[in-house]
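You will see two complexes here that share chain A, one where it goes with chain B and one where it goes with chain C.
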Partner chain A sequence: MPDGVRRRPAGLTGRHREWLAAAGFLAPAVVAVLVLRLWPTLQAVMVAFEVGPGSLPSLANFRFLFADPEFTGSLATTALYSVLVNPIQIALALGLAVLLNQALPAVGLWRTLVLLPVAVPQAVSAVIWGVAMRPDGPLNAAFQALGLGAQPFLTSPRQALASIIVIVSWIGVGYWMTFLIAGLKDIPTQYYEAAAIDGAGAWQRFRLITLPLLRRPLTFVLVADTVANFLVFAPVEILTRGGPQGSTNLVMNEIYNRAFDQGDTAGAAAATTILVLVVVAVVSIQFRLMLAKDDFS
Partner chain B sequence: MSAGVAAPERSARRRRRGALPTLLLILAMLAALYSVMPLIWAAASGLRPGTEIFRYLSPLTIWSLLPRHPTLANLHVLWSGPFARAMTNSIIVATVTVAVGLLLCSSAAFALAVLRFPGKHAVFAVMVVSFLIPFDSIAVPLSTLFRGFGLQNTYTGLVLPGLGNGLAVFMLRQFFLGIPRVLSEAAMVDGLGWWGIYFRIYLPLSRPALIGAGLILFVFQWQAFLWPLLIAPAPEVHVVAIAIANFAGEFGVDYGEMFAATSFAALVPMVIMLFFQRYFAASLATSGTKE
Partner chain C sequence: MPLNRRHFLVGAGVASSGLLSPPPARAADLTLNFLFSQPPDTWDAVIAGFEKANPTIKVARQSVPFDALNAAVQSRIGQKDSSIDVFGCDEPRVPGFARRGYLVELSDMRPTFEKAVSREAIDAVSANGKIWSFPLWTSTQLLFYNKDLLAKASLPAPPLDVQARMTWTRVLEAAHKAQAAGAKWGFGFDQVDRYYQLQPLYESNGAGPGLTGPDLLTPAVTTPKWIETTEWYGRLFSSGLSPRGIPPEQMAPLFGSGQLAYFYGGPWQMGLFFRTPDLHFGIAAVPYFAAGKPSTPTDSWSMAVNPYSNNREAALKFASFMTLNDAGALMSTERMTLPPANKAAFEAYLKRIAAQGGAITQGYDALVRYELANTAVHRPRTIGWVNFEQIMNKAFSDVRNGGDAATTMKAADEQLRVAFSRL
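Showing the complex of A and B:
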């Protein structure tokens, strides 16, 4: 037994020494968790509920927030954005994963090129796409060459959110694809061989083998992508600042504006509390997925 | 079945098999082209005089994509201006984050994977969940705290939030669990303490996991935008992402210079990612999606 071997030279003091060692090894990370994550979260919650000496928690900030059409508008925009961007990105990532998992010539090269935008800082990608989408930019030049006419893109309240979706999808799809390719590689090829012998077509093989066996990585990507999209900030701040007419005022931009342009610390804290609650709910699902195949329990 | 019927059927099937891979290959190439086209255009525009960025767009020709009169003038201007400072700042912040962050994350992972102590499950769960609270969601309240500590416009303020990373801890712990216990038991009999076991056995054996975790830490810092915007607004501590966003917001910006700057900012992580691609893929695979 490994336990017996370990205990013999050290004894009881050895076990206590091990506890002490654990405390030492963990201390920096525990301090980091406390100071960098839990303290600011607690701080935001306390400011949001106006917890202080001699005062009872109050919902006033939340009432104020939900009475403000700018905030409710930003929630609606974030909801619309999430409903659109997540299915689009996951469908594209899945399609690309299946495509780039085939035995094609130079497939590794295509895969790397599709992943390349992930490495570029979001702020940089936003700047590049911002210039590309200008009225006199190359995208409109291409649209006109194809006879589609010039488009306003980021300057139109009807197209700005769609343009942001195009940009963040260009950035992120390759990243999510990588998780799905790893999942595809884990599906035993015998399943496909057996299905081919039984005469299953490509669509049947995809629906009856690939999709069910890809459920775990797909769920993971869905959850992680949803969180990432809740937090999109750089493209909005750089390209539209929430406009035109609030059409791209996603919740992170709303919190930032509230805290720094309007100096509404309490409102920003209340909005942060709501965001953290939603994100923690989604992340705990993610955590359970990560632990599902873990050897800890 | 006669051979006369089977033969055309077989050749038809072969033809279909011939057409499908070609179609798939074209699709794969189109996806790759769509992914790199904006980057190529940006890099090429960095080699153009600022006045030529929008000049060759109509009608579309090869000169819409490639520079007609390539010049290195933009690069010279950049390296003598504030952008050089931003690049240095970014490299310092990222390097310190990776070095200190690896030490912090791997020592925590070592305790969680190897040592036995009461409350281990709870510590692990609390740590990973709190690190999984995405940093950006609490960046605004944290920046208020940091300003109170006097960390505004300091490297320390920029580096600190990047040090602890739940994914890096999780990944390293997973790797450490795979290292046989007998190794540390033997070392202990030989008189090596826990610190020695961590430093001389676990770290040297964990190169791939350390590179993977290092990449996670690096990418976090190189991507950061909201945090430096909040905590380091002074020009002396601008990082690359902020410098470029400011470029874009300037009135009468020289687009040639701006694109040269974007190329530099994109090139550093791309080279690192391509160099360590194998480890990068492996690090993604360990984040729990593998059956």
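Showing the complex of A and C:
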């Protein structure tokens, strides 16, 4: 150690120690992120630009992908899915959070029940829903008992994507609700009291107090939910494998098929790179829109 | 859906980086990792037999579903992962896997192979004149029927005699009658939507395997005969004779629980049905299209050794024990009642099945020998097989769910051309 450091005042040495301790605690997480996330991503990006062993970087894999109707179809399906699933999940999570933030009897029980599906592994949820949605399954028995007629669900190109949306929402809504309940608890009650004295109704209180003060947790939920939905894979792989007729071929499933069913590693790496770029772009726009006018900061 | 769920690529990354690999075992108690897609108890007898003969080697099982095995091999062995030693390799995958470097070449063992198994069995695991895998089983197909459901409809038992086999028209007529008399479903394929079991339909109807050209890399799935046969397949489901939305793994339980009158399945299901109480079933020769000739699926699983395994010698010993060793090969058919590829074990297997099945399997011996020699069709042996199988299975699934046969086959044809262009 250089002389200069040794002669520094005791306070700075203490600070050094703090830094060292912090680095020690952070190191495992940082190493894990580098090894498990960044390194594979970097490798995928490098492979995406390869056409053969030792070749010069080229855009050939990307050109091939955009000329392949399977891939462009999966992008379109993912866009449709995202436009539907994110607003539905966030609206439901917000509705449930507001409802279960009220002084209801046995509110803890209801919250637990709503959160419970998160604790079930996705694969197990998918298998259970798969059996429930079989043409001769219990869901259709209930539909028929109610006089609604049997539905094809996962076997129809018109209903399969909607069925996947129901399944992932059943898993996810309770999880996102928990963040919003925490956000609601942070809103000081005097705002509501003042508004009540001013004669504001329930809708006005929700619109003018709850929503603006919930902007930060809502932003987190919006961004995290959007990313999670871009990466949905297990229910699709287990229940439909992208079918019928490509109607549930979300981009993650497409990448998986390309890499592990078709053995086209370079094509899959290029598709992964495109997915990462799309996710980053969408999330950046969401951040800008949600935090542009942060009037409560 | 929560963010904290692991992304599959991370999982693949962890596996490929070797972080989850077990620490190297000591020579004294080496453990082999064995990857396959059968129920784990399939291997109880043969693993016990191997471990008894080789007390210093243990075998650890890793079971994945059939549809996930290909991905597991591609992602793990493709990343040079040493944590698998022996793995199940469906025989038509041999040329593609050999080309990608996923298999250990076994040509120097040719004399041992020739002594233990037939010429056809060696062909099934060969590519470019070299041997790449150990042939475990062979296969044929049976028409299972539920005696109680047929009796309810006053239908006669279909014949086991190959010379008297029924046509598809007659079987489906009977299946409709059985359904009208109370069977929930009239007819069902065991491996529904899978090329393995559907190829014989096309072959029997004179449509060919769906691939042509010197390397079998030119799709031929939009010919009039292919469309006609695909439409026939789709009608099984649109008419309500066969169920939609039920995966292959749940088809045998459907027959086992008495909901299916006629079941087109492999002999591997006999073991399960023998063990199912209150199931009164019989077996018959599979049907054919009257205008064509009888045709049956064949080939089966082989045992491959991972070239990146750190335990190659022990892995070869285990794979060899299961297939080329007469006693070991018979043990491998104890629960999975498929005919072994091993010649001596094949004879012993037929005797055992005859004793086990009693009246049910009377005539099975002659049927298996006849079908293997006369009606068996191999799946296309091409480096494009893996791509072909995956794309066709999805296309069949689309047709089953009501997709138009011509449109679906045209889409499959385009996908095949794109996939083959990347090989």
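Note that in this section the second predicted complex is superposed on the first by the 238 of 297 C-alpha atoms of A that agree within 3 Å, B and C clash if a C-alpha of one lies under 4 Å from a C-alpha of the other, contacts with A are read in each partner's own complex, and residues count from 1 in each chain.
Here is the rule we use: a contact is a pair of C-beta atoms (placed from the backbone, for glycine too) under 8 Å apart; a residue touches a chain by one contact, two chains touch by 3 or more.
None of these values were measured; they are calculated from a predicted model.
Peer 1: Now for A:Asp136: first (chain B), second (chain C), both, or neither, which partner does it touch?
Peer 2: Both partners, chain B and chain C.
Peer 1: Mind working out whether A:Phe233 is in touch with chain B, chain C, both or neither, as first, second, both or neither?
Peer 2: both
Peer 1: Now for A:Gln204: first (chain B), second (chain C), both, or neither, which partner does it touch?
Peer 2: The answer is neither, since A:Gln204 touches no partner chain.
Peer 1: Looking at A:Ala259, would you say it contacts chain B, chain C, both, or neither? Reply first, second, both or neither.
Peer 2: both
Peer 1: Could you look at A:Phe25 and tell me whether it touches chain B, chain C, both or neither (first, second, both, neither)?
Peer 2: First partner only, chain B.
Peer 1: Which one hits more chain A residues, chain B or chain C?
Peer 2: Tallying touched residues of chain A, the top partner is B.
Peer 1: Looking at A:Leu36, would you say it contacts chain B, chain C, both, or neither? Reply first, second, both or neither.
Peer 2: both
Peer 1: Look at A:Ser58 in the shared chain and tell me whether it touches chain B only, chain C only, both, or neither; answer first, second, both or neither.
Peer 2: Neither partner.
Peer 1: Touching A:Thr272 in the superposition: chain B (first), chain C (second), both, neither?
Peer 2: Touch partners of A:Thr272: chain B and chain C.
Peer 1: Is A:Leu104 contacted by the first partner chain B, the second partner chain C, both or neither?
Peer 2: First partner only, chain B.
Peer 1: Check chain A for residues that touch chain B in one structure and chain C in the other, and list them.
Peer 2: After superposing on chain A, chain A residues 36-37, 39-40, 44, 118, 122, 130, 134, 136-137, 227-228, 231, 233-234, 252, 256, 259, 265, 272 contact both chain B and chain C.
Peer 1: In the complex of these two chains, what residues of chain A are touching chain B?
Peer 2: On the chain A side, the touching residues are 2, 5-6, 9-10, 15, 17-19, 21-23, 25-26, 28-30, 32-33, 36-41, 43-44, 47, 96, 99-100, 102, 104-105, 107, 109-110, 112-132, 134, 136-138, 141-142, 144-145, 170, 174, 178-179, 182-183, 186, 216-217, 220-221, 227-228, 230-231, 233-234, 237-238, 252, 255-256, 259, 265, 268-269, 272, 275-276, 279-280, 283-284, 286-287, 289-296.
Peer 1: Provide the residue numbers of chain A that touch chain C in the complex, in ascending order.
Peer 2: 35-37, 39-40, 44, 64, 68-70, 118, 122, 130, 133-137, 152-157, 168, 171-172, 175, 224-225, 227-229, 231-234, 241-245, 252, 256-257, 259-265, 267, 272
Peer 1: Which bits of chain C are touching chain A when the two form their complex?
Peer 2: 1-3, 5, 7-10, 13-14, 17, 67, 70-71, 74-75, 78, 96, 100, 184, 243-247, 386-387, 390, 394, 397-398, 400-403, 408, 411, 414-415, 418-419, 422
Peer 1: Can you name the residues of chain B that touch chain A in the complex?
Peer 2: Chain B residues touching chain A: 21, 24-25, 27-29, 31-36, 38-39, 41-42, 53-54, 57-60, 64, 103-105, 107-108, 110-112, 115-118, 120-121, 123-138, 140-142, 144-145, 160-161, 163-164, 169-170, 177, 181-182, 185, 188-189, 193-195, 198, 219, 222-223, 225-226, 229, 240-242, 244-245, 247-249, 255, 258-259, 262, 265-266, 269-270, 272-274, 277, 281, 284-285, 287-291.
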